[in-house]
Structure formats: structure tokens, C-alpha cells
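These notes open a run of structures that come right after.
The same subunit A turns up in both complexes below, where it pairs with subunit B and then with subunit C.
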Partner chain A sequence: MSDWPKKTEYLGRSTPRVDGPAKVTGAAKYASDVQPEGWLYGMILRSKWPSAVIRSIDLEKAKAVPGIKAAVTVRNGERHVRYYGEELAAVAGVSKQACLDALRLITVEASPQPFVVDVVEAIKPDSARVFADAPNLGEAKIKEEGDIHGAFGKCDVVVEGEFSTQVQLHQALETHGNTIQVETDDACTAWASTQGIFSVRDGLASNLNIPQTRVRVITDYMGGGFGAKFGPGVEGSLAARMSRETGLPVKIMLTRFEESLAVGIRPSSYQRIKLGADKEGKLIAFDLDAFGSAGFASGGSSAGGGGGAGFPAPYIYRVPNVRAKHAGVAINAGSARAFRAPGHPQGSFGMESILDDLAVKLGIDPVEIRLKNDPLELRRKEYEIGREKFDWLQKYRPPGTSPGPIKTGVGVAGATWGGGGRGTKAQATINPDGTVEIRCGTQDLGTGARTVVALVAAEIFGLPPERISARIGDTEFPASGGSGGSTTTASVAPAIFDVCTKALNELQVLSGVADARGANFDAACRKLGMEPVVMQGEWREGLSSSGVGGVQFAEVDVDTETGFIKVKKILVVQDCGLVVNKLTAESQVNGGVIMGLGYALYEQRVMDPQTGVCLNPNFETYKLPGAADVPEIEIVLLDMPERGVIGIGEPVTIPTAAAVANAVANAIGVRVHSLPITPDKVLEALGQIPAGPETASSDLDKSFVVVEDLPAVAGEFTDDVPS
Partner chain B sequence: MAQEHPLNHPVSRRGFFKGLGATAVATVASRAEVVAGELTKLDAERVQGPGAIPVDLVINGKRSSLQLEPRVTLLDALRNHLPLTGAKEVCDRATCGACTVLMDGVPVYACMILAVDAQGAKITTIEGLSPDGRLTKLQEAFVTCDGLQCGFCTPGFVLSLSALLEKTPQPTEAQVLKACSGNLCRCGSYPRVVQAALQAAGVKTASRCEVIRHV
Partner chain C sequence: MKAFEYVNALTPTSAAGLLGENGRYLAGGIDLLGEMKEYIATPSRVVNVKNLPESKTLTVSDGVLRLGANVTVAGIAAETEILTGWPALAEAARDVGSPQIRAVATLGGNLAQHSRCWYYRQRDLTCLKRGGNTCYARDGQNKYNAIFSGNPCISPVVSNLAVALSALDARVVVQRKEGEASLTVSELYQDAWSNPLAQNSLAPGDLILAVSVPSDGRKSAYLQMSEKSDFDWALVSCAVSGKIEDGKISGARIVLGSVAPVPLVAADAAAFLEGKPLDESSVTQAAEIALAKATPFAHNGYKVPIARALIRRALLKLLV
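Take a look at the complex of A and B:
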């Protein structure tokens, strides 16, 4: 049982976010919006070679450009750059135009080296190497349970398939960057577009070699991160250095092109899966050979941080005999970073696809086979609720039997995520005039964190949320962790609960008012005299927990003449512990589904093998879902207040692509094995056009053989799946 | 969203080319000399830059006199030469709508208009939409429907849809979708954006979210 009140006035209802008015009027100031006195515009010069030894960089002409106040190199001396877009130098000046002119005048002497940006190419023995002293194909990790060799012999049915997923770009609308001011006494203020203000503070302190107490980081608002915005980044350290040099604030916000090069991706995956079961559909054996690339450091130690190319397998299912092998492949491209549920959409797509193939072969309904094999009772319950709401039994037909030319199909898939809370501190001040201020060093990525603070305080004090001044996004406030892993609400809400409960007690003791909540609040405050109540509190057990399931059902129309897919409906059934704010929770679910649709149907980074550059950095070629692409999204939230608060930002984006892929396969009767499922792949699967280069699969097959033969060390290749 | 704005000031080099595209495609070869002559004349009259030149902009009813290089976009002028940061820079190439402003009531991408070309027009940015501090109906609906998450795309959506409601007070859902087809939102706030626009127009909409108590 959690300690949250049983009867609530604000929690669990729909409350508009407290900073909504600031966001709709343009009053909200993002890191890219601040204009401290005398600020300079900063820009970065990046490598135009995917691999090169940089001999020298000459900044003199750039420095002479009118308006330019500083120009620095990232590093002195010779160095090897390993991807197009690696940072070389930066300039700061009075205008964007001055910076553009200056960048053009920087001369770089470099010796270009051979390079490779295609994963399948990179595995070949004669491929150019990203690091001269190591093959591109890194060490394989293997997980083995039971007896995989004997197990397939005991299966009544075995299915095999090869699946691949693309590189996805985060594409937060606000690019990475900071505005940074270093004063002459080395006091540093940074306005950062970040998911972790303290990570920026600590990074800048170490970059500038000053105590952490000298750095203040402010993030009042930030325009999305999705996992890729932690720490100051190279752009932050360059801005800080140029600010120190000039004594003026420097703003470096990356361009959209730069975003596609150097600040994170979701890694690609190539998966060959063999799955065996008995006649009833009970899973017996799972065998996986997989590889993928998290960029130039893939397979190396620097590829970590949730950004590795591994993924959980056999995802949410418990199979008695498992062999799962995974290898990272280095290519000349920027590094991966955590991306909304790292690894899970990849793992989900492969496993849920092959599971449907198995169901089809056995003639078992896809929901039924999941109910048979899913170890999590809660998720089984969600399948049942979903089956009912979606009218699944009515809608499901054997694959390909929908009449054409526009065929309808349905599909389903499940998810898992942690989303628990952890150490967060907060401070509450109750003033004699009845005003309340809560301070907490968390940040709001758009999930509504500021509103969570206000709502929890409102609940405890029995005051309307607009009476609470919720202050976040400042390292001068009590510390909280970074916003990643869907942990923010589960970290922050308990800390606010704790501090407000303590503050209310103190108010009651000092004022002598036995119940100072609600209507009594102001009178109690007046009795405080001159002294406000100031209380510290922190996250504690009993108010949050970790581990959610979640299932999604998809219904699609596929035009078999054009290959065009129209997603008609997504039904989400998601548990999330105690619902804090129904309104913002629903928005997060919508957002997760829509991002999942992008992954399923539209998004893919395309690299040019000739030049090593990303060919589709911007939105005319990197297709994000638009308003008209959004289907009806129906949401069922399972409220389980006794579990306390659990985050849902990530689980809701995981199963969308797998559910859509299964629905497409159900509609047309053949499977598209690679994401995104674009019209050409649909037509190709239907045999209406010849196979394209994407599936010129003899090379791919060879890669799987190489990975299969690769010696491997035991170990999970990604975070454990909570279940 | 991507509607043409009739720039109502003396013909510019860009405007001249635009006119050419519409009227003289077929005969352009034979008229090459005439064209060259026209251009020289225009340039002779209106050589600008490359250094800063005076630029007068009327934004939210206020006149600003700036010194800008001719290559400075309206978005750059707003964000980097004025304190008007409500319009956001996201793509800087007419694909996202985050930089949307109204020019004489018509939504345009501020990243695709040179500041010099914006002279003479009445420009409204998000900061000027509710000058008395009271939210417009649409802004209010964005807040109550939660038509936003991180909010970075929000000023653009609000302006695109304000222009729609100005012209079409009772839009259909299809008209709403069309009006914001030039705006992107990475947080996926679209369902609520559409709901907000319809609600502001007085159309009843329902949430498709249900909470089930699970024990």
C-alpha cells in the first residue's frame, strides 16, 4: 500500500499545466531564447571528412572578421576525427552572419582516411576500419539459458526470420545548446536545454576547472530531449571557453543539420531469430544473432550510457531455452545516445513479429499466444481489456484475407519498462501571507514536471494548484536527478509529498491550528508572525514503484496498389501506478504512440556512402509524423494508486511499431521485415516491384554468419527487462 | 499554412523573379535580354548591402528601426536583433512552422522571409496575439486541452490556427488539420492541438482517455 491519500482532490484528475499560459504566449524562455546583456552568437566548425587526421587549423582569418570576438579549436595538435560532423573549432561574434563568414575562413589541413558508414559493409573483412587497431565488428555478448541445442528438436513448430530496424534521430524541436556566461571571477551561469541540470553543472565545472559551487545552471523551459540531452556537450564547453575568453555570454545552439550528425541516434539493429514452440503455442526455444551500430564508438566502452546497440531479447517473454548473441559494429558516424526506451522498440519489433509468424503457423490467435506466454499477470490482464475494447475477436481475420485493393489488418504487441523513482530533494516555504513556494532542482521536458510539483503540494495543503509557486530548473534548488528512464514523476512527486507533509505539520504546530489545510490555511499562516516555515524533504520509499507493462492494438489500411499505409486506430492499455495528472499523462501517451508511428512508418537516417554525410537531416526529407498522420488514439489507463507513482513516458512508445508491423502483415498476408515500413517495401513484399537494395540480402546473410561465428563473452547486452 | 503573401511594396529583385515564373516561362529565352536589362535597372535603383542597412519593421503595432544586413531573415531579426523570441528556430528552411508569424494576418514562415522584405507589412508575433495579457479563446483552449508538451512548437501552432479561426470561425476537423499541416510537433501533441482549435470554435470534443481503477 502506498502512503498517498485515499481520497484526493487534485491527484488523478485532469489539471491544465501551470505553465501552459507562458507557453501559449511566448513568455516561456527556453535556453535558446535568453538574451543576457552583451550576448554573442556562437557557431561550430565541424569535420567535413568522415575520417581524417587533422594536421592543423588556422583561425587567424576568422578572428579578423568584423564582429568576431573569439575563435577556438576544440583541441590543439594533431587528432583523428572519425565521423562527418565531429567538432573542430568554434567562433563567437555579434551576429549569426559574422559567424557564418568566419567559419568559411577557417582553414583546416587534413589527411582524409578511408571510411565506412554502412553497417553491413563495415562487417566485411576488407572494410575500411574506424579504428586502425581493431576490427569494426566488436566483441559479441551472449546470453544462454537452458539447452538451446537440444531444445529445437523438441519443438512442434519452428519459425525463422530476419528483421532490421533503422537509425532514428531524436529530432527534439529545440536543438542542443546552451547560453553560457563566465564572469571574470569565474562564476558561471548556464541556460541549458537539458534533461539534467546537475549533469550540466558538473560537466561545466570540470571543463572550466572550477568548483561546482561556482556554476549555476538554469532550465526554465526546454524544447524536448528524448534521451539525448545530458551534460553540457562539446557545444557547451566551447561556449563556456569563449565566454571566459571574451567576458561576454555566448550562445551556441546547434543547427538542424548538426543535430543529425553528432548528438545522438537510436542505434540500428539486424536480427536473425529462430523461435520454437509446442503445438499449443507455448514457447520452448529462442535463438538470436544480432548486430547493430551505435556509431563510431559502437562496441567500445564509450558507446554506453543507454546508447549501446544491444536490446533486450526475447523481450518480455520467458523462454526456457535461450541463446541471444549480439555484436556492436563501429561505423564512421556520430555516437548513439539514450533514446526514449533505449533498446526496447528494437527488441519489441523483432520478437513480436516472429511471435506473430509463429501464431499464424500454428493457427492461433495473436492475442491468445501472448496470453499463453506472457509471464506478467498485469499485462495479460491488459491484453484482455484491450481485446474487449478493441473488438479484436470481431476484427481479427486470418492474414491477407481482407478484400482488396485496400486491405485492413490488426496487430498487437506488449511492452515493459522500469520507471521508478530515486533520490530527489525539495524545499517548501510557507509565508505568513499564505503564499507557498516549492523549490526542486528537477526540470520539465514537456511531461509537466512543474505541474506535478504544484499538484502534489496543492493536494497536501488543500489549496488550488495556482496558489502554489512551483520553482524548478535551477541548480541552486535542492538536487534532483536527470530526467531519463521515465523517472522524473516517480522521483519528484514523493519528495514534494514528503516536504509538504512536513511543512504542513510544522505549520500546524507553530500556529496551533489542528488542521491547517484548505480553508484554515491562511488563518494558520497569519499566526506565524514574522517567521516563514521553511522545510526540507526528500524522496522516500512507499510513494513510488517501478515496473509497468502496457499493450497496444493497431488497426491499419494498406493500399496494395500503392503500398500506402493508413493507421486507423491505436488502442493503448497502460498501467502507470497512481495517475498524478490524467491530462498530462494522456498527452504523454499520445506523444509516445505518435513517435512510435514515426519509427514504424516514416523515420530513417540515410547516410551517403560516398561522402559519409547524413543525407536527410531536415524535415523535408526526414519525415516526422504530422497532424494528418495521426490515427484515432484511444487510451485506457489502469490506475493502481496502491503502487504509488510510476513513469510512463517510455513504455508507451515501445510497442507501437511492432503492433503496426503486425497489423500490416495481417492485412496483406506477407511480412515486411524492416522498419520503417515504407510503401516500396510493402509493394516489394507483395511481389509487385523487384527487391530494392535494402533487402539485397546476400550481404546481410553473410553478416549474420560472421556474427554467429564470433567468439562471445557471457553477459546481458542491455539493461535487464523488469517483469 | 504555406500561403503566398502579397508583399505590397515596390517590386524587389525576388518579387521580379517570382513574377517571371508565373508569366514569362514560355517566352523567357527570347526575352533574356529584356530580363537582363530590367534586372540591371532594378539593381541600379536598389543596390543593398552587403553591409547593414536601415530596416523598419512594424511588429505587434510597434515600429522598430534596425540596422541589418540584407541577408538577415525576419526570424533572425526577431530572435537575435530584437527581444521577440516567441517565434522559434527549428529547421530554418520552411519545414516545421515553429517560426510562424502573421504578416498582415497571413501566417508565414519567418525563416523564409528576409527582414528587408518584411518592411511595410504588419507583423504579429505570438507576443502580440494577446497584448492586454488576456489569453485569446484559442490560447485558453490550448491550455485547457493540453495542446502542448514541451511547448516549443506551440507559438507556431497557435498562430497558424489563429489565422484559420479569423477567416473560418467554424472550421471542420479537416480544415484544422490543413491549417496546421505546415507545423510539426515532436512531442506528438497533435490530437490535443486539434481538439483545442475545435473547442475554441465552440465545437464540443471528448477526451478518448479512460481511467480504470485496477485492483
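Take a look at the complex of A and C:
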């Protein structure tokens, strides 16, 4: 179906990023590097209370600090803050020290309120409430198909399990923030660390109450977003207000501490699953009772935006009899934001874990049970490719049978994603001197979007990518969408294809050169005389599509005496349609796997139930995988040019944790039911920990009873969470 | 951080005088600046001790290793004489933080570093150790806290070097008032065992000058277990030393880190091993004895099996 050239010169090869040298030499200026003339530091005062009614905020002493040019409150009048770290006020001044001093001089009069930060506590009927007028546990949503009540009776085997997943933080290397300049005539320029320049533009226009045409957003380079950087944020609106007040540019880049509190999370999940099948392993019935928290705004009727805690279930499998129930729980913590494949890693961990338990009970090989039940032919093919490559049949042993104290295990899991393209416009200019400039209002959130623009243009014109000036990250360029949902490459590549094809045609017509590509290009351009070719183009059908599978195999060593897990290898078999740039596609896979390893083994936001504060708002105790933790990652990309371009950013992070968890269970012969799988949990599962005080899992056990009692409303269950 | 005055100390004796009311010594600055940025420490004056004479030298003479207080952790890790003569120390140094941290961190600063309990380091809380009324960790998120303590604070000692140096019977030379004191590692930390406000036994003004490590034909080993493969604090660390003859051990020292406010010397376990061959059975019994009195909290019982495994493995390592 696709119009992409069959034989390619640049597409599908491994091309280094066109902006690589600028990045490694520091020539690339990120949002945090921008320093317009006269700029001021801005900093935010945040709530020290997990819940409090703010009576008054006195800024006078702060304003008197030498060097301070502005101080504002987030809102006037009394208000209720509902988490530790919620924004209260901000200052702008000529130095960081002036701002730090000023923040400490702001006096806040507040009445602290009862709070709860633990999800399992929050659903108890006598828990403190996040919103006084509603229980923390929202109304459950239920999806029902078939006859769940009768179906379990017809199953030959039934397995049950309780699973939980943690709150994960985005932790992009560059924190959230903007430098914003509002001129006296209200013209606004923002240098933003964002994955959506147009959504930041629209947000700022509405914050400042000015037309969108008055706002220009520039994102030349930014250091990652993972779904949490679509709007200007409270920090953006505060910078804009203080810039308007002072007439000077104001920069607010969050600190790592702030980054850990207020700008998004992946919601937690608590899942009780019952799964039934026939003797052959064919799935018959699936029952899920789940809850989780997306932060303070999570609880049903009390929700105030910020995304839900739902997840797709029974994930990639089609089971004839399904009941899936999910409820959101409000706690006093910052809100969720879209996070690389929202909902999917949670859904994948629960479902793929219980499926392996079922396979073990039936004595069926884990790959085999997936081949039996996976509805997607492409993914079944990927399992078969992976089984070969990974040497699965050699490596797989019955659970816990690897000899010695350090046990080896293997596991596998699959994923699904959309990743299609959508409206994107672009402009191409061909100058008489042979220079080419492409403008497109997309942004590069670190995935290599600028290189995609250059590569597609290079292919059409037959020129080396260095000859293309790829200009992106500016709202004055033709509009494109936010970089989310793995849509960027599938949106941008077709638009560039379209505009370059048109521009090449025009060049050929005007110059009279029949084939102006490659070696003929410069000569054709010279014939243009004074007039450059300027062409508009856009995304159109036929060059991209949507829907990918993807499977991952994991091999781990588990030290049964210390609980330490070493991941030895991850094999990824992934489709993404036409591979535009093999190098950056593989980079996406590596990054997705590494993020998945963090989710599997290390990462977790820790809140203190007694005080409501976050205890690990830094990279020292919020543990991210480091170079030494990264195993061999083998990547098999199924290049399918006939399908057009499809995104790959999100699917590759989904199944890693489930595959690792299954490998750990296979190694030690017992399952760790909660992520991250840290040494303490491994030792607990192995019964190595001396009997002590009550554990978290026994508490969790009781909490499902509470959920069961709650009234449920029939409703659409979140199956595909937008991102 | 709060504005402060910066001065350079040129002699050990002048350094203490320069501290004034609430001054602090600055070596690599990793720990001190962390505390200052969070307003946990607000000194009016910071006294740089990195330029003190001889403080960066490392010598071996008559079988005694002498390390100036400002030798870096990376310097210790890279020294082949240490790796062969005092392997526990080299291995402990190699496991400290990341390459960047090791390059800047000093021996003196590593020994004198303050609590890493995440309640202590939380800018908006004032726990017992910071002069408040409550230890939040006891009933809270105590996964990384101690399983032995002689006081209400259960913040564990986290210096890798302290654990190794204790097992190696090192002496810490401290400038104290007008004179020099020579402390065992246990003496350097003992106040932290009984006093929740103490990080160690150093009084304000006490300055670590050097560390000397004897070599009396001992073998030594250090092992730690963290959640990550690298750049992570030890959940538990263990250093052992002893003389080995015909596979039998004498004069053993077994020391655990990250389990108590001080490097925990397992004297009973060491006594049990005296004269015994090191084998699966003896080291397993020694490990049992060492952990017999552990009193874990809700979330740190897992440290017990890890400590046992490390003791066994470290002791057996002495045989190779």
C-alpha cells in the first residue's frame, strides 16, 4: 500500500543524528541553556503540607530581598492544597541566591488537614479524605463480556494471584521548565522544554489571555519528556506572569526535587486476577479486581483531571468471558501524567505474570501458551523468531530447577501499541544555490526527529542528509502535533515526503531538468534564476499506519542468598513498519528496555505515611538503572516498508518488566508479585526473612475485600489510554 | 544554601581555631555541600582543610600503610600496594559511589560523613538526629535503616572505608585540642551507638589527620550488596580479616556496615572461629552468631540473610 520508494539510499540505514556533534560539543542550546538579555531566575515556593487550607501568604519580606524583582502567589484567597510540593507562590530575581533567600522569607499561614498517601490506607472507610465530600475510592468501572460466573466452572484449571505496581516517575534528564519573555505589547516568546510546542503556545495564550498569534514557542533542543511535558505547566504560567510584571525574561527550570513531586507519575496498580483455561491452555475466563492511584485527583467523582489509573485488561489476549473492574483512589500526592505507554506496563505485568502461573500449573511452555492464545498473527510470528534467536527451548527449565545458589531463569512477554500518524504540515524551500531548508513545527524530544526530517528529504532529493537544513521546534513553522503516543515519526515523515516530492516536481518543471535528483540537483537549482522553490505539504494517508506487536525475552541470574537480580540478556523482536533510521529506532528500543528494567527492578517513588512527604526526590534514592545494570540487548526489527511508518517509542518499554518478572519466577520457583522486584522481596518470596512485623503484602490482601464491597457502575473500561 | 565565609587552613593546629562558633571543615565537599544545600547544615564559616601539608600522601613503611586524610577514595582504589596488602580496603574503596564521587571524596570526609537516613536528609522534616523529638524511621520507611542500635536513632553508618578499616585494625589519627589522639575505628564511632545526636565521636574542632593500617600477615576481604550493580549504597557490607594457617583462622575480625550506627564488630563470631578451619559449616555458624541479636524493623528484616551470606562469602574468600 505504501508509496515509499522500494529501493532506498538513506531510509532504513543506520544514520547518526544530524545534531549529534552539536549535542556532544555543547553547541546545542537546550531550554535550560537559553539566556536572553536581562533574564531573571525564577523559583517556586511549594507546600510543605500534604494537605492544608492556605489562609494567607505574605510576600512583602521576599519582595524586599535585594535583587528580587517580582513575587506572586499562584492564586489569591484561601485555597486547599492537597499534596506535598503543590505550588503556592513564586519569586523572580537577578540571582539564584536572591531567590533562595526570598523563598525562605515568605510566610504562609495554613491550617494543616488530615491526609493519606498510602493507597491501601486510603481505601479504608475510616481513612482521612483527600476531598472531604467524597470517599477516596472512586466508583469502579466494569467491563463485562460473556458469562463470567458460569465460565470458571467450565475451566480445567484456575489460577489466582495478587499483583501490584509502584508509582514510577518520568525523570527526564532535563527537568520541566521554560524561559519566557513577555514584551510590553504582550508579544510572548517562550523557550520551552516541551514535547508539544503548539500545546505550550495555546496554554500560555490562555494563561496570559492573549491571542495565540502573539505567542511564539521555541524548542531547539530538549532533554526528554516521556509524556509529562505537553503544556506550559504551573511553572510556565508563573514565569509568564512574572515576566509580564517585570518586563524581563524569566526562567523557571525545576530542580530534581521539584521534578519528583509535582509534574507527573505513572499511576500505581493493585490487581487481583483470576484466570481459567482448558487442559490445552486455551483461555476461557478472566476476572480482574483492581484499583490504583493517579494522585490527588484520582478518585472517581473527586477527580480533577490528570489522567486515570486504569489499564487495559486482559491486555493483549482475547478471552471469551471477562470481567474487569477498576477503581481510582485519591491520595495526597501529585497527579499522574501520560507516561510512555500509559497503562500498558501495569496491564502487561499482571496479565503476563498470571499467564505464566497458568502455564506452570498446566506444564505448558510459556512461549507455547502465548502462541495458543495470542490473537495477533504478527506477534505470534515474533514469538517464533524470538524462540529461535534466544535459544529458548535450550534455556527454559521448569521453575526453580536451576542448580546452585545463583539461579538462572528465562521469561517472555508481549505488547501492543498504535503509533500511527496524524496531521502535520511542512514547508520546503529549494534555493538557486542548491541549499535546501525544511521547516516543520514538530519538536525533537530526544528521539531523533530532526534527523528523520533530514533523512526523508535526503532520500527524495538524492542528497546527503548533511545538505538538508532541517528546521524544527518553532511555532512559526507549519504546525505539527505533540510528540506523544509514538506518533511523531509516523506524522512527520509522510509530511516531509509529501512536501519534498512536490518541491522536487516543481524544481523539475521550472528547471526543465527531467530528473533533478542527486548529481543533477545543483545544476537544476541554478536554472531557477532568482526564485526559490517554496512548497507546502502535509501528512496524508498511505505513508504511515498504526498497530504494532512486539515481544521480549529475558534471561536473569538470581542470587537466592542475597536476593540480587542480574539481568543477563533481553531480546526484543519488534515491528514498526518502515524503518526510517535504523540507528535511532534501535536507540528507542534500548531506551525502552532500560526504562522497563528500571520499572522491573529499581524505580519507585517512596512516600512517608506519617508525614506525607516524598522521601526519595533525588537520583540517589530514586534508583534508575545505570550503565552497569544494562544487559546485552539484542534487537530484531521487522522491517515492513509496505506498511508505511509506525511509531516505536512506547511499545518497546511495555513488556520488559513482565518478561523480567517471569524470568525471576522461573529462576527461583516462586513469584514476586510486586514491582520493583528488589532483593528484600526476593528474599521474602523465598521465605528467607525471619518472621517479623506485618508485611505490606498481608495488608494488601485485606484491602481487596474492601474494594469488593463497593458499589460499581457499569461503564467503559479504559482499554486504550490516550497519551 | 545560606551565605557563608570561606577560609583556607594552612596548619592542623590553626584549623580548629578558624572554625569559630559553628564552622565546618570542608574536604571534598560532597557530603557537606549536600547538607548545606538542604539547609541541614548552615555554617557561617567553611574551613577548607584540603591544603594541609602532607594530607594527600600515601606511604608504606615497615609494613604500615599511612594514608593522609585527604587521599581520595579513587586514590585508595587505584593503589596496587593496597590491593595486594590490604585488599579489603581497596575493594571497599572501589565500591564507593561512582567514579566522579570517588575522584573527589576524601578519606577523612568519607569517615566523617553524616547520616544518609532519608528522613535526616529530608529538608522539611526535623527528626531526632536533627534535634527534633521523633525518629520517623522506626515506624516508617525503614528499609535502609539499622538492625542493631543502642539508641532510638537507627541510622546506620554507611562509610565503606570505615568497615574495611575496622576489620584491618586501623588507627585514626586525630588532632584534638592541642594534641594528637590515636583512635580505633570503634572509638571513632562509639558515640553514635548510644547518642542519637552523634554522627561519630568527633568533637567540634577534632580533625582527622591520617589513618594508619598495620599489616601483620593478615588476609582480608570486603564484600557489599546493593540494589543496583554499581553507584549504589550498600544494603549491607562486610569486611573480614585474619591470619590463615593450614586453612585455620586466628585473630579474625568480622565487621558489618549499614546494619548499625557504628561499624558492627562481630566479636562473638570471631571468637567462635579462633583456631577453626574455614569451611561451609564453620562460616555458617559464625554468620548465625553474628546476627543472633539483630532486631530488624518492619521493612529491613531482609538485611539479616544478606549479612549472613556476606559473612560466609567474605570469610571463604580469605582462603583464595
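Note that the second predicted complex is superposed on the first by the 699 of 723 C-alpha atoms of A that agree within 3 Å, B and C clash if a C-alpha of one lies under 4 Å from a C-alpha of the other, contacts with A are read in each partner's own complex, and residues count from 1 in each chain.
To be clear about the criterion, a contact is a pair of C-beta atoms (placed from the backbone, for glycine too) under 8 Å apart; a residue touches a chain by one contact, two chains touch by 3 or more.
Note that the structure is a prediction, hence the values are computed from the model and not measured.
Subunit B and subunit C, once both complexes are superposed via subunit A, clash. Contact with subunit B, but none with subunit C, is seen for A:634 once the two complexes are overlaid on the shared chain.
Look at A:688: by the touch rule set out above, it reaches subunit C but stays clear of subunit B.
The wider contact with subunit A, measured as residues touched, comes from B rather than the other of subunit B and subunit C.
Within the superposed three-chain model, A:561 lies in touch with subunit C and out of touch with subunit B [touch as defined at top]. Residue contacts after overlaying the shared chain place A:625 against subunit B and subunit C alike.
Touch criterion met: A:679 reaches subunit C, while subunit B stays clear of it.
When the shared chain is aligned, subunit B comes close enough to touch A:256, but subunit C does not. By the touch criterion defined above, A:611 lies against subunit C but remains apart from subunit B after alignment on the C-alpha atoms of chain A. By the document's definition of touching, neither partner reaches A:569: not subunit B, not subunit C.
When the shared chain is aligned, subunit B comes close enough to touch A:594, but subunit C does not. Comparing the listed stretches 9-17, 81-89, 99-107 or 207-215 of subunit B against subunit C after superposition, the clashing one is 9-17.
Within subunit A, the residues touched by subunit B in the first complex and by subunit C in the second are 97, 620, 625-628. Subunit B contributes residues 69, 71-72, 76, 79-81, 83-93, 95-96, 98, 125-127, 129-130, 135, 139, 142-144, 146, 148-155, 158, 177, 180-181, 183-194, 207-215 to its touches with subunit A in the complex.
Note for the complex: subunit A touches subunit C at residues 48, 84, 97, 100, 257, 559, 561-564, 566, 601-602, 606, 608-611, 613, 615-616, 620-621, 623, 625-629, 678-680, 683-684, 688-690, 692-695. Touching subunit A in their complex are the following residues of subunit C: 1, 3, 118-119, 122-125, 136, 139-141, 143, 225, 227-233, 235, 296-302, 304-306, 308-310. Only residues 12, 14, 16-17, 19-30, 32-33, 35, 41, 95-97, 171-175, 221-224, 226, 253, 255-256, 378, 381, 385, 445-448, 575, 579, 582-584, 586-595, 618-620, 624-628, 630, 632-640, 642 of subunit A touch subunit B when the two sit together in their complex.
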